[in-house]
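Going in written order, the chains are labelled A, B, C, D, E and F, and every chain counts its residues from 1.
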Amino acid sequence: MNRSTQSLLTTVATELASPQSLCGLFHEHRDGDPLPSQPELAEAMDLCRSILFPGFYGKSNVNNQNLIFHIGVALEKLYGILCEQIQAGLCFATGWGEVEAYGETYSSAQDTRKRKAAEFTRIFIQKLPTIRQTLATDVEAAYLGDPAAESYGEVISCYPVIKAITNYRIAHELLLLGVPLIPRIITEMAHSETGIDIHPAASIGHHFTIDHGTGVVIGATCIIGNNVKLYQGVTLGAKSFPVDADGNPIKGIPRHPILEDNVIVYSNSTILGRITIGHDAVIGGNIWVTEDVEPGKRILQNKARTDSPS
Amino acid sequence: MNRSTQSLLTTVATELASPQSLCGLFHEHRDGDPLPSQPELAEAMDLCRSILFPGFYGKSNVNNQNLIFHIGVALEKLYGILCEQIQAGLCFATGWGEVEAYGETYSSAQDTRKRKAAEFTRIFIQKLPTIRQTLATDVEAAYLGDPAAESYGEVISCYPVIKAITNYRIAHELLLLGVPLIPRIITEMAHSETGIDIHPAASIGHHFTIDHGTGVVIGATCIIGNNVKLYQGVTLGAKSFPVDADGNPIKGIPRHPILEDNVIVYSNSTILGRITIGHDAVIGGNIWVTEDVEPGKRILQNKARTDSPS
Amino acid sequence: MNRSTQSLLTTVATELASPQSLCGLFHEHRDGDPLPSQPELAEAMDLCRSILFPGFYGKSNVNNQNLIFHIGVALEKLYGILCEQIQAGLCFATGWGEVEAYGETYSSAQDTRKRKAAEFTRIFIQKLPTIRQTLATDVEAAYLGDPAAESYGEVISCYPVIKAITNYRIAHELLLLGVPLIPRIITEMAHSETGIDIHPAASIGHHFTIDHGTGVVIGATCIIGNNVKLYQGVTLGAKSFPVDADGNPIKGIPRHPILEDNVIVYSNSTILGRITIGHDAVIGGNIWVTEDVEPGKRILQNKARTDSPS
Amino acid sequence: MNRSTQSLLTTVATELASPQSLCGLFHEHRDGDPLPSQPELAEAMDLCRSILFPGFYGKSNVNNQNLIFHIGVALEKLYGILCEQIQAGLCFATGWGEVEAYGETYSSAQDTRKRKAAEFTRIFIQKLPTIRQTLATDVEAAYLGDPAAESYGEVISCYPVIKAITNYRIAHELLLLGVPLIPRIITEMAHSETGIDIHPAASIGHHFTIDHGTGVVIGATCIIGNNVKLYQGVTLGAKSFPVDADGNPIKGIPRHPILEDNVIVYSNSTILGRITIGHDAVIGGNIWVTEDVEPGKRILQNKARTDSPS
Amino acid sequence: MNRSTQSLLTTVATELASPQSLCGLFHEHRDGDPLPSQPELAEAMDLCRSILFPGFYGKSNVNNQNLIFHIGVALEKLYGILCEQIQAGLCFATGWGEVEAYGETYSSAQDTRKRKAAEFTRIFIQKLPTIRQTLATDVEAAYLGDPAAESYGEVISCYPVIKAITNYRIAHELLLLGVPLIPRIITEMAHSETGIDIHPAASIGHHFTIDHGTGVVIGATCIIGNNVKLYQGVTLGAKSFPVDADGNPIKGIPRHPILEDNVIVYSNSTILGRITIGHDAVIGGNIWVTEDVEPGKRILQNKARTDSPS
Amino acid sequence: MNRSTQSLLTTVATELASPQSLCGLFHEHRDGDPLPSQPELAEAMDLCRSILFPGFYGKSNVNNQNLIFHIGVALEKLYGILCEQIQAGLCFATGWGEVEAYGETYSSAQDTRKRKAAEFTRIFIQKLPTIRQTLATDVEAAYLGDPAAESYGEVISCYPVIKAITNYRIAHELLLLGVPLIPRIITEMAHSETGIDIHPAASIGHHFTIDHGTGVVIGATCIIGNNVKLYQGVTLGAKSFPVDADGNPIKGIPRHPILEDNVIVYSNSTILGRITIGHDAVIGGNIWVTEDVEPGKRILQNKARTDSPS
């Protein structure tokens, strides 16, 4: 690299590091408080999967006797990563992030976040056995619902819904605890991996499954009952949302559908707004639904027009 | 970490390692038989791609003279990984997985699986030149079918269909040999990477291409002729499937469409059930097709309604 | 591995390395000129993201004082990788790739490409501050447009559109400079990661956002104004394209839509051909549009048919 | 790389791979039987150290409760590596390496080695608790013998003798089992790390220590009692050895010294031949000893001559 | 792995994790306080070397302009590692390690160690410029003293003394601050790498050099003046040390030699006890010195006896 | 990290990056010319060892058929690394390093070094078969000379002399070509690994061996015949060297011993100055030799004094 190139790099680096260039992008967090790290959280999810589905994820040669060793080591590692990442996420929380405004010193705010993060992590880890129980119902639902599935093992190894619902159920528990930001990063990781976009604030019952899954969107205020099945490309979205005086959306209002128990929605259909799809209803493929559907009802697609070639 | 936290971790680890907690999830495989490993299979696919498309995948500086060295080393590595992974997969096969029930000793069953895995791997590796020939037709189809494509190199480097169809053609050969589970893991890897979900049991002719590809689903009993082109979001799925006395789907019945030669299906259309789309037919975008289409026919979308703003 | 297996591997390696087996697949580049490397370009994109959004990507503990150090080191590394990769990409350019035909010696052609690559890289790096400014408008648009977004930090960390639009804006600058192939690889990386497929040749204004995003396709000759919002599954594609005497598509003709300022397109709609969607128009979900839409117009979906269960 | 360089590389590669070029160097082992791998054995030693001295080697944050998990995982990994490496080493054994000569088939010889390797590994692993007990006496000896040592922890962390004697005690057990080659590789690793060269066939009592250690050599037929202390640069070597008719040394004859209990040898002294240094004897520094020394005797260095400058 | 092998591993793991098996070896540190980590400290030394000798260690392509970026990033990383490692080392200090005995709570003792570690790290980092100045004199001394040295760069790149003296000067500063254990680990790392064993408590002046170096030992209470040169195999050791009533050495008494300015000691000589080698004295090779040497004196080796072959 | 700590780091970084702080240490090389990289050269040596001793170093499962592939890939990688590193080393050469002084432009001097480095690398690689032939004689010498050696494979795997002599023979060839600095780095790597310090400029015949080896020093102007054997701790050094008017050593004068064919030197002896040890002479252990020794002569150690305890 010659001198003029190096000068150019120095100039551009200086410009890119200037505060005005970063306005709005660079999180104004307290000095020394790191932001959540996506690679660390990815490792945490790998650990969770290896703990919840031993043998299928992580070390492939666990057996009845050494399982306790592998889970013991993985849990300890998970504890360490989650403490750090939740603490980093707490900088985004209104409650703990802006404590300085209330006169607390820097280091006591930092201590508060650290203690809080350890507490959240402990509670979360205690919920892992329950999370696994619910996931076992999801595996069962996927296996029973697909004639191509040959074993539970195939479902756990190959069905993208298992990855998506695992991340969702983990993220949902963290969100219920009040952990900010981290849950969204966790579900977005599964979205990137599977094309299934489930907001961690959605509520989803047991025996839930999605076939294929690419393009599925489940919004933040959705309420989904037990034993519900979706196919690829299904959107459970918002129809429109009230705006405030400045024309910006008002946050926090229920705006996504409710799907009661045993509902099936076929591929590429779109269900919008705070409507209710009654229990046992079936929504056909490629349909646009914006009004309540009665329990047990079947909604079908219009027939396609068939033309001769022009 | 203080003592109470460590105690909590130990308690949760013990609970998560208990057999009842794992009921249904932890594959009841013989002790010491590892499960298939996704990272190992991912490496196998990287090796296959570097062998089939040298220079574009793997080492980027191969040339006419050193190519043989790189392929020789890659093939040897591929052989080793596939032997191990296919052996791991054979635990899921009814034929080999439950030999103990027939009185065979543990280690002779293990030996049988090992020998079988080596045999399958050898046969598969011999098919690689033929697989590459067929993939060359897919590259040609993608190049000719897209006005934006500027070179074969661009197609191989950038078109997701090449990754998806490569994994499918490899997985399909393994499935034809009778290798269980592994083929599904291989196509699901491409699904995660490209959003294109092709079941390895589907049958697909030469000169096959998919444009963009996100959201495409091709079911297990599909039969696709030569020179077929799909666009993003196309589903070739099952309409419904017969259930047995317990209400569970009966496995193994042809239930996905047949697309004859030269068919084109535009974006986001859905073709369901064991119907036949005749040769040279064109299915427009956003259409729902559940009945046979005659050869040469064009099926188009209804016109959209245009309203003024409310 | 026994001798016969090793012989088989040697035979297959020899066959796979033979020129006829590679016909059409193995890029006939000059000996010693490496092809672009996807892992290298992936690292370049990681560096760009860590430079453009410090703290959110790359090292998570940057602060006001050490930021200049991290950006300085990252820029230098980025410079090195881009020089090499752009030089590799130039083998695909008609202008520089075939200089030998004009009598230049091999090494002077290589020097020309090397010098040109360094020049392109320098110009590109100077544009990074401007690229960040535009991306800041995209972050703002995503934040304002989604009631579920709680902070700019959440948008940058979790919204797939940010990854896709970042790669697009980088790739677009490189394409404007005349860099071949590399821009397509860069946008395809984001496509794989997010399900959003934006051609680097498309033109996109500021304050652009896409919600959820999976399945979105934006074609090469699209022109998109400012303040445009798309939802998941939207296609901005070509309707049909003129073919030449051999039946192959003619390349380089405008064939994708123009979306003027403030247009919104809801999920899974398809807009095809060189038509214009006028400013402030709203296209509802699941719609197929192939004709111009007037400014301010709202296009809605036909109502779904509701049947009782058969 | 241009064509002529690539041709040169191909020519040299061909020459270097030719059998005559490898005569005497390339082990004529059965095809497919890998040789011992130094990186694998290095990992095995790291695992042994982390098991024997938890916290000081390997994961630094073990505690009373998680220790069992870490040791469990490490032992399993160690078992796998040692089985493979011992099997590789058995190709060097006369007993198992040349079974083909006795008419056994290739794969049954391979099976014999595999079974034997697993058996050796199991026996070795059962000896680990005893090995640790003896090493604890070595740590105690080093601590008590050095006024600069401040804690047992410092001795384990910083004293090269601990690394050397750990590798020796492990290698010695393997050698006693009849494992060929591997023990020598293990002690040579410690030699490279510490400058202390202990032949695995030597016999060494408890409470053994070496201060500083660089340059110490302990020959294959040495017999060292309990509570012996050496300083840096001490050689316990062979004086001369009988040669056979061809002038080559006859292997397997006792030719190194015997040091009885409580002997101390100061720095850089050399003790040669099958002589006995009686219990409680002290050998001063820089001395050359080739004859027996009585118990309790002290051997000192001649005084240095002091000259004025020339 | 079959069941009986796994049972054996579990049994051995349980035995090796039992408290009685660990008696004396497993540091009884507070739960959750990790021990110093050798890989972390090795990385810290790599960072120090890359900061002190930029270009020769670490990134090889630093230049005048980007140097500040590389050093900035390296210093920040070094700060983080040293804080953690010094805190871990403080568990070994009498002052801070046993605070619980004085009624402090666990977490306040932990906080004290953390604050202390940060303070020590800050002071140490401020000393780096001075450390580099002294090291520059050592480089000069090595260059001037060796006719084979062709440039300062060669000395820095290839002379083991530079690695040994760098680690020593760093460790010595930490020891002066009162950091326990860590300094010994740091000099022992250099001992393993170079065969030069310098105790961090020794005092060494500027322009110090060692040629070749293997086997050199410099004891804890040595005092070495300026401009001193040693050759390989030189020991500056203790002659004997007073023992207490239990026969154990009394710690902390001056027992190693003093070398005044401009002393040269040739290869393999041994200087023992609290004696003084006067300024400008020269000690020949292979000599054993246990009494004071006057300034300017030259001590030579006895002539070797020359025999005819027996 | 709080603000004041970050300020401190920034201040120290600025000081450490200032030109005056680097005076004499930071090589004043042309901007953009990287220095030789020790990790890169370490990889080059690993490649050389895997090429020269296939199976023993590098991949452990090479066989007759795949050997050519492994060597082909390794040679290509070696070529790339050596070209870069030799080019980096050429900045230290008087001839090429200071071309700017002669009016050449920067980039033409860079081109000259690049071309020269490629030429040197090509010549070196052609010498590899000959280097291996000579190394085979060294392996034979080590095997025949040690009663403890059980196979050639054990010698190659475990004897440190093989590592040291391999690095020396490689470095010596590079030095003969005129490559600056790199040869010294290569032999110093082996010194660190084995404690054997051979200057690359020394001349050493075939069938050379060293037993144990720690502490051996072989100076730059040594001439060693065929079939010579050394033991640990032997120094072949300079007695004194003429100084110039400034008191600095005059470089380049023969000052180390000549050992004729079949000489044996036992452990810890020191041979100094430009003397000749005649063919078939034997030098006993712990001896200091500064005068010529006649062919066939045996030099022995004085007898040690034996005292009773004081």
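Some points to look at:
We take it that contacts are C-beta pairs under 8 Å (C-beta built on N, C-alpha and C of every residue); 3 or more make two chains touch, one makes a residue touch a chain.
In this text the structure is predicted, and so the values were computed from the model without any measurement.
Fitting subunit A to subunit D on C-alpha positions gives a rotation angle of 180 degrees, to the nearest 5.
Note on interfaces B-C and B-F: more C-beta pairs are in contact across B-C. Equivalent interface to C-E within the set A-D, B-D or C-F: A-D (over half of contact pairs identical by residue number). Separating the CA-averaged centres of subunit A and subunit C is a span of 25 Å. If each chain is reduced to the centroid of its CA atoms, subunit C and subunit D end up 57 Å from each other. Counting partner chains per residue, subunit F has residues 1, 3, 5-6, 9-10, 13, 31-32, 61, 63-66, 68-69, 71-72, 76, 195, 214-215, 233, 268, 286, 301-302 touching two or more of them.
Touching subunit B in their complex are the following residues of subunit F: 66, 68-73, 76.
Those residues of subunit D lying in contact with subunit B across their complex are 1, 3, 6-7, 9-10, 13, 61, 63-66, 69. Those residues of subunit E lying in contact with subunit D across their complex are 1, 5, 8-10, 12-17, 19, 21-27, 29, 31-38, 40, 88, 92, 180-181, 184-185, 188, 191-192, 195, 197, 199, 201, 214-215, 217, 219-220, 233, 235, 237-238, 241, 248-253, 255, 268, 270, 272, 282, 286-289, 293, 296-302. Residues 51-57, 60-61, 63-65, 67-68, 71-72, 75-76, 79, 118, 122, 125-126, 128-129, 132-133, 135-136, 139-140, 144-154, 156-160, 193-195, 212, 214-215, 231-233, 267-268, 284-286, 301-310 of subunit A are the ones touching subunit B in the complex.
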